[in-house]
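Questions regarding the structure given below will be posed in turn.
Each chain carries a letter (A, B, C, D, E and F) given by its place in the written order, and its residues are counted from 1.
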Amino acid sequence: MDKARRVADSLTTMTEMIFPNDTNTLGNLMGGNLMRMMDVVGAICAQKHSTRIVVTASVDNVSFKESIPLGSVVTLQAKVTRSFNSSMEVVIDVWAENIPAQEKVTTNKAFFTFVAVDQSGRPIDVPQAVPETEEEKLLFDGALRRRQLRLVLAGRMKPHEASELKSLFDHLE
Amino acid sequence: MDKARRVADSLTTMTEMIFPNDTNTLGNLMGGNLMRMMDVVGAICAQKHSTRIVVTASVDNVSFKESIPLGSVVTLQAKVTRSFNSSMEVVIDVWAENIPAQEKVTTNKAFFTFVAVDQSGRPIDVPQAVPETEEEKLLFDGALRRRQLRLVLAGRMKPHEASELKSLFDHLE
Amino acid sequence: MDKARRVADSLTTMTEMIFPNDTNTLGNLMGGNLMRMMDVVGAICAQKHSTRIVVTASVDNVSFKESIPLGSVVTLQAKVTRSFNSSMEVVIDVWAENIPAQEKVTTNKAFFTFVAVDQSGRPIDVPQAVPETEEEKLLFDGALRRRQLRLVLAGRMKPHEASELKSLFDHLE
Amino acid sequence: MDKARRVADSLTTMTEMIFPNDTNTLGNLMGGNLMRMMDVVGAICAQKHSTRIVVTASVDNVSFKESIPLGSVVTLQAKVTRSFNSSMEVVIDVWAENIPAQEKVTTNKAFFTFVAVDQSGRPIDVPQAVPETEEEKLLFDGALRRRQLRLVLAGRMKPHEASELKSLFDHLE
Amino acid sequence: MDKARRVADSLTTMTEMIFPNDTNTLGNLMGGNLMRMMDVVGAICAQKHSTRIVVTASVDNVSFKESIPLGSVVTLQAKVTRSFNSSMEVVIDVWAENIPAQEKVTTNKAFFTFVAVDQSGRPIDVPQAVPETEEEKLLFDGALRRRQLRLVLAGRMKPHEASELKSLFDHLE
Amino acid sequence: MDKARRVADSLTTMTEMIFPNDTNTLGNLMGGNLMRMMDVVGAICAQKHSTRIVVTASVDNVSFKESIPLGSVVTLQAKVTRSFNSSMEVVIDVWAENIPAQEKVTTNKAFFTFVAVDQSGRPIDVPQAVPETEEEKLLFDGALRRRQLRLVLAGRMKPHEASELKSLFDHLE
């Protein structure tokens, strides 16, 4: 691992068309298939930041508010928000378009965490992420809080140690 | 929607073999593919409880602690923990076996939420879930707390209203 | 290969949802796709009994009596009935449910034979299968007869040597 | 249904390359995937004979003698052997080539039965199959015997009624 | 069809990871799979320009100079160059990265033509494409020449009528 | 590389059924999926001619005149037209049938070029192709002209050197 890298350098865009096998009985994209796409775009993004092989470490709470019908075009945009030693938090924004109907909806915002590993699968440190825009800075700051929630939920941090997490109850995005 | 149903009646077991296309550069199952399998087994489980078409509403924080190599056998077991009007929380336990090597590891525990809908996609009430074993009762009780966290994270409940959630910081599983 | 193993220890359950690409022009599961699922669940079951890599050696006559429409949930349950040196006969029971319609039909009963092999593909002996229930004992007894029919059909046994097979014409299940 | 049709008119050839996801842990084609290919080529062949939608009715005993490694080219050739009212028996010959190694092996001969149906899935009569070559005539004659075995195994014919089947024990191919 | 649209508005980016089933015996992406990806990104791009359902009308000569190994990240970028009544020419640039090795190669430049159709598949006029940058203007100008070559190769234009095409032999990009 | 080989020896036939995931919003086969099938059948054909591993080098202009609906049977027939050192031009004829409707249309004629390589991916010479029928001879003669167009379009030959190509404007097929 060498030097810090700009958040913008990790920006990754994936565009997919929804095919019949991606859909459920109602003809809409299944949540699990969307999560599979998110995992791929997030992994590419984390690879770009770390120039390493990466593995998925965790997925934060994802909610599915909008149904995405067969034939829609789904766009996923991922960027690293912050790194911690060998791990990187990636934010993924998803929107869906029914182009002939000229409809476009924001469908999901999700946080995935990836760990950079060497060829034998051992964690390896990654560059720091340097936020530049206002939005990137907000995401960078929030990453600490989200990480504490992740550790508390995984039973790896005691709640009273999660000093940043308390603010969760005040500042929700 | 008619009467309450036993949690045990929704138990669904899925066994899958890990094929080459499910794996990443290190030859291990990609996290996104495991989430896709979880979504399918969870949806079948929620269908069994509600005898309705269901759609994925949300996925709680999932962490991936163990790598699952090519050729492994993955078993996913899902059951409804509790229902709330039209929504059902499903707990999914996942373990992986390398049978020739006689290795077996518990890999994930995840909570998915599904909503029962009619043919035009409108939410429709589902039976209450009746827990019977000690473990089912613990999961039933915890469901309220997890639901509040979900609503707070989705910005649909104010933290100070999440009375059950406060206990999260005391009772973590 | 060490000791004998209980039939019940090999029990393997697979649950699948029928997606669009699994279906034919009438919107029903294609027979070939069901056989593919049977092969996977049977191979996992034979792996469990033998703790070895296994390869498919043969499939007995399978008939498809019921059509299984798109969106159905198919459950396959496999267990070893008996072993012969390096080969294991596995019985696979299949049923399909249209859960919203509350319809459930038994669709198939099939016998697959798998051979345990080492890393270079050479056959290797497996534990004996110990039947315990009445049904398991009937399947264990019938395995000899089905094996003779298999050998006769494959031209590897002369019909007059198939002493057990004659009873086929008296005791059919 | 109009007139009889030559067996040769139903001849269907399918050539496939074996990709990674078709293979098992040893890098060989899984039996279930080969059966899926057989089902597709057989269905096309039965469609050609009947000019109808067809569904798979049954598969006779199939044995897998040869392993087919990744990268092989598999050729499947199907033709109708004989028709019975709405059903058609199709024989499928399979061989595999490792072209760079200049190796070619005959791997399988299998009999599938398809039923012609109308748009609502009801069986509908098909043309008679007219065998011309010596091999086609042998397959035509044997079809009666194989059909009796199928009916006896499915419990739909009493063994003592299977007059043709007795000869199975004398004339095996 | 209403007004003209900027070329930049049709820009579509697709990022894909190369999985095992996408590769040939040497472990490199098969040409046919890359063309399938090009077709999807091109169709999305043409949908964006026309806000219509589109179908692939033709693919110009594509050459594959670089091999793209398993695990690579492939990026495809498509934009409309010019429209002619109901048809749109789309240029697709493809590059591949082996991110851990920090290697990046331009692999392909291809021209696909799509036709906008209504729900019953009839061609329907699309907006004119307005090029703005120097590169977009060059592509706009060249589109006429490439279209004549396409028509001549398809036997739908006599060579002596292809006035623009003559310049092909002077100005090749 | 040893001796010349007859064009007829490379003939390869592939028959495919169009499944839901192969289709676009209108329920017709996507162009990119047809090109993927062409690439596979062409590669098998070039393997047969060269008894070598092959990689796709280029695809000539392909136009898609006919839509191929879901459930159609597509037949692809490939044969080598001519070889040049390590490269082989393959012509692929495609037709589609809706068998129950008794409709059959010729849909495409395409030229793919493959290069034979050794295990480390280096080009290696292949046998000459010997045309026998009138059609094979015409394709053999035209191969030189098409090769010059390919080289000119790829910027690897100056137009004034393409002596054969000039005749393109007189003799179009």
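The rule is short, and it goes like this: contacts are C-beta pairs under 8 Å (C-beta built on N, C-alpha and C of every residue); 3 or more make two chains touch, one makes a residue touch a chain.
Treat the numbers as computed from the prediction; the structure is a model and nothing was measured.
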item: Neighbouring chains common to chain B and chain E, by label; value: A, D
item: Contact distance in steps, from chain B to chain F; value: 2
item: Far-end chain from chain B, centres as C-alpha averages; value: F
item: Reference chain C; chain at largest CA-centroid distance; value: E
item: Repeat of the B-C interface, chosen from B-E, D-F or E-F (over half of contact pairs identical by residue number); value: D-F
item: Residue-number overlap at the chain D/chain F interface, same or different (half cut); value: same
item: Angle (degrees, nearest 5) of the CA superposition of chain E onto chain F; value: 180
item: Rounded Å distance between chain A and chain E, as computed from the means of their C-alpha atoms; value: 30
item: Centre-to-centre distance between chain D and chain C (centres being mean Cα positions), rounded to whole Å; value: 20
item: For chain A paired with chain C, centre-to-centre distance based on mean C-alpha positions, whole Å; value: 43
item: In chain A, residues with contacts to at least two other chains; value: 20-21, 25, 40, 43, 53
item: Chain contact topology (line, ring, star, complete or other); value: other
item: Those chain pairs that satisfy the touch definition; value: A-B, A-C, A-E, A-F, B-C, B-D, B-E, C-D, C-F, D-E, D-F, E-F
item: Chain A - residues contacting chain C, complex; value: 20-21, 23, 25
item: Touching residues on chain B, where the partner in the complex is chain A; value: 24-26, 28, 30-33, 35-40, 43, 53, 55-64, 67, 117, 119, 121, 149-150, 152-155, 159-160, 168-170, 172-173
item: Residue ranges of chain F touching chain D (in the complex, touch as defined); value: 12-17, 40-41, 43-44, 47-48, 51-53, 73, 99-100, 102
item: Of all residues in chain C, those that touch chain A in their complex; value: 19-21, 70-71
